[in-house]
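The following pair of complexes shares a single chain, chain A, combined with chain B in the former and chain C in the latter.
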Partner chain A sequence: MTRQLRLGLFGVSGVGLSALLLWAVAGLHAFGDYHERYGTLLKNVAVSERHTTNVVTSVVFDYRGFDTLGEEFILFASVVGVALLTRDARDERARPRDRLVSDPVGLIGLGLSGALLVIGLYVVAHGPLTPGGGFQGGVVLAGAIAVVYLAGDYRSYRALTPQPAVDFAEGFGAGGFAVVGIASMLLGSAYLHNFGPFGTPGTLASGGSIPMLNLATAIEVTAAFLLLFTEFLEELSVTRLETA
Partner chain B sequence: MIPLQAMAIALVAFFALALALTHDLVRLTLLSSVYALTLVVLFVVFQAPDVALSELVVGAVAFPLVIVVAIVMQRSG
Partner chain C sequence: MSYLPYALAVWIFVVGLYGIITSRNLIHLVVCLTLTQSSTYVLLLAIGYVKGATAPVFADVSVGTRAVDPVVQALTLTDIVVSVTVAALLLALAIQVQKRNGTLDPDALTEMSG
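So, the complex of A and B:
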């Protein structure tokens, strides 16, 4: 295919796609002009029913909690898949070598790690109140520990993330979500139905089972990202050893 | 649409184009982090702070971090 033909083809399809896209965007409601039933209903009942001031969280962990269970296990399954594929065939001698990091970098990293840890815990704990929650906070928490490797050394990083503990946390988080759902059934309602007590709106303990599911998600996401990060680093060092 | 929203969309479009035209791997990774940051601005401007936070931690931090570490380890090895 010549360059001219390719450009011509791109021109035609580009113009066509742009036209369709603009047509679609022009048909959207104006920003803030929202009249769909589902969202309007939730906006009106979520705070009074579930006592969580962040409606998004009550949708994710309560009204559509079953969807989130599926998402939780998508992450779990993919992480387990990575661990199964990479752990078995690895030579234990191959460990990422420690790089020399200057003292100022290490010091800044230490401060950054502490700050990230606090921010992560804050984002997780305030999920039912303000934007954030187990997923976002979990990634921040994993980041706080990853910084130990980036600004420090691999040995300290591994001391913080012993494999059995990370594996356990990964299973505990994913399984905990499912178990909270079973607790709802034991209490006589539908699977994952919020069983309360709902607490005072605007406090950390509000929302019934929402904070529990939020915490389970935080544990699972933190462990998942740490597990991936560790497997990734170890795998790379093996590849390096083989090519060397 | 208010000017702020139009500006946020233009910003995303600009960096998306820049991403498509970048070939160097390291630049691409860092630019993808910046692009994710413009998406964060877009989500905040359109009042979706929860989505903005997710995009921030995954798009602007976690994803580029993994890629950068991979590149560094490949090069130092």
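So, the complex of A and C:
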């Protein structure tokens, strides 16, 4: 198909699609004039039912926990896919040798990494209470370790992220989420149904199985991003070696 | 005016599709796909918005305070993280294409080679 023909086809179908989409959104309620039942119900019952003050977290890990299981496995499958595509026949000599020699940057980086680590752990742990959770905190935690590479050297970064440990954490996080769901079934309720005890609202020990699923997600997301960083960094150095 | 955020989501979606269709570089194509996907976040968050409301977090405010929809927020936050890993998978595929065929132009990849 030539470029012109393709553009012409898109011109026609793009206008049609836009018209249909605009027609569809015109049937929605006006922006800000929200009266949907499902969200309204959850906002009102979640805190008293689950004792978690952050309703978004109780939706992610409880009311719509099964959807999140699906998302977890999309994440897992993508990361495994990246590992499969990049790991074959990689030359061990091709480790990145980047090394930062500026002491001030190294010092600031070390401080930043520590601060990010604390923020990440805080965001994960307080997910059921205040904005945050395993998905967001996991990315911050992986960032804390990536800063070690940026402000230090690749050797220190790899010492912090041994491949067997990262691989294990990735599988453990994804598997842990599914296992908490099975635990619900063994306790006589539906898959991923929250089995409590719910604890005191506003404390870390509240929400029943929500903190467990939150933690499993944090482990999986942290490991996933570390694995991606490592794979792409090593891929980069292989390319550099080949072009050098 | 009250439908403008929805129209914005439609605009982002269609512009992303245009980018995918006219792309001459696989990395550019992945970015366009991510853009198309992000239009769903704008749509979801716009649907759940409540005028003058706070976040659905009742740590400091009492239950029953006007808050935005927690369901669409939950869908969006999980998908933002997951979409990054999917983009990483597609970029890894682009690296393989470059290695095997020496080009990133999708139009130049007319023949399947195994």
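Note that in this section the second predicted complex is superposed on the first by the 210 of 244 C-alpha atoms of A that agree within 3 Å, B and C clash if a C-alpha of one lies under 4 Å from a C-alpha of the other, contacts with A are read in each partner's own complex, and residues count from 1 in each chain.
The rule we apply is simple: a residue touches a chain if its C-beta (ideal position, glycine included) is under 8 Å from a C-beta of that chain, and two chains touch if they have at least 3 such contacts.
Since this is a predicted model, take the numbers as computed values, not measurements.
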item: Contacts of A:N44 with chain B and chain C, given as first, second, both or neither; value: second
item: Partner chain(s) touched by A:L186 [first = chain B, second = chain C, both, neither]; value: neither
item: First, second, both or neither for A:V56, with chain B first and chain C second; value: both
item: Touched partner set for A:P131, first chain B, second chain C, both or neither; value: both
item: Which of chain B and chain C A:T86 touches, first, second, both or neither; value: second
item: Touched partner set for A:L5, first chain B, second chain C, both or neither; value: neither
item: Contact breadth on chain A, by residue count: chain C or chain B; value: C
item: First (chain B), second (chain C), both or neither touched by A:L75; value: second
item: Partner chain in contact with A:F31 - chain B first, chain C second, else both or neither; value: both
item: Touched partner set for A:V139, first chain B, second chain C, both or neither; value: both
item: Residues of chain A that lie at the interface with chain B and also at the interface with chain C; value: 30-31, 54, 56-57, 131, 133, 135-136, 139, 225, 228, 232
item: Chain A-facing residues of chain C, complex; value: 2-7, 9-10, 13-14, 17-18, 21-22, 43, 46-52, 55-59, 63-64, 67-75, 77-82, 85-86, 88-89, 91-93, 95-96, 107
item: Complex interface listing, chain B residues touching chain A; value: 1, 5, 46, 49-50, 52-54, 56-58, 61-62, 65-66, 69-70, 73-74, 76-77
item: Chain A residues touching chain C - in the complex, by the definition given at the top; value: 3, 6-7, 10, 14, 17-18, 21-22, 25-26, 28-34, 36, 38-40, 42-44, 46-48, 53-60, 64, 67-68, 71, 74-75, 78-79, 81-82, 85-86, 129-131, 133, 135-136, 138-139, 202, 221, 224-225, 228, 231-232, 235
item: Touching residues (chain side chain A, partner chain B) in the complex; value: 30-31, 54, 56-57, 96, 99, 123, 131-133, 135-136, 139-140, 142-143, 146, 150, 225, 228-229, 232-233, 236-237, 239-240, 243-244
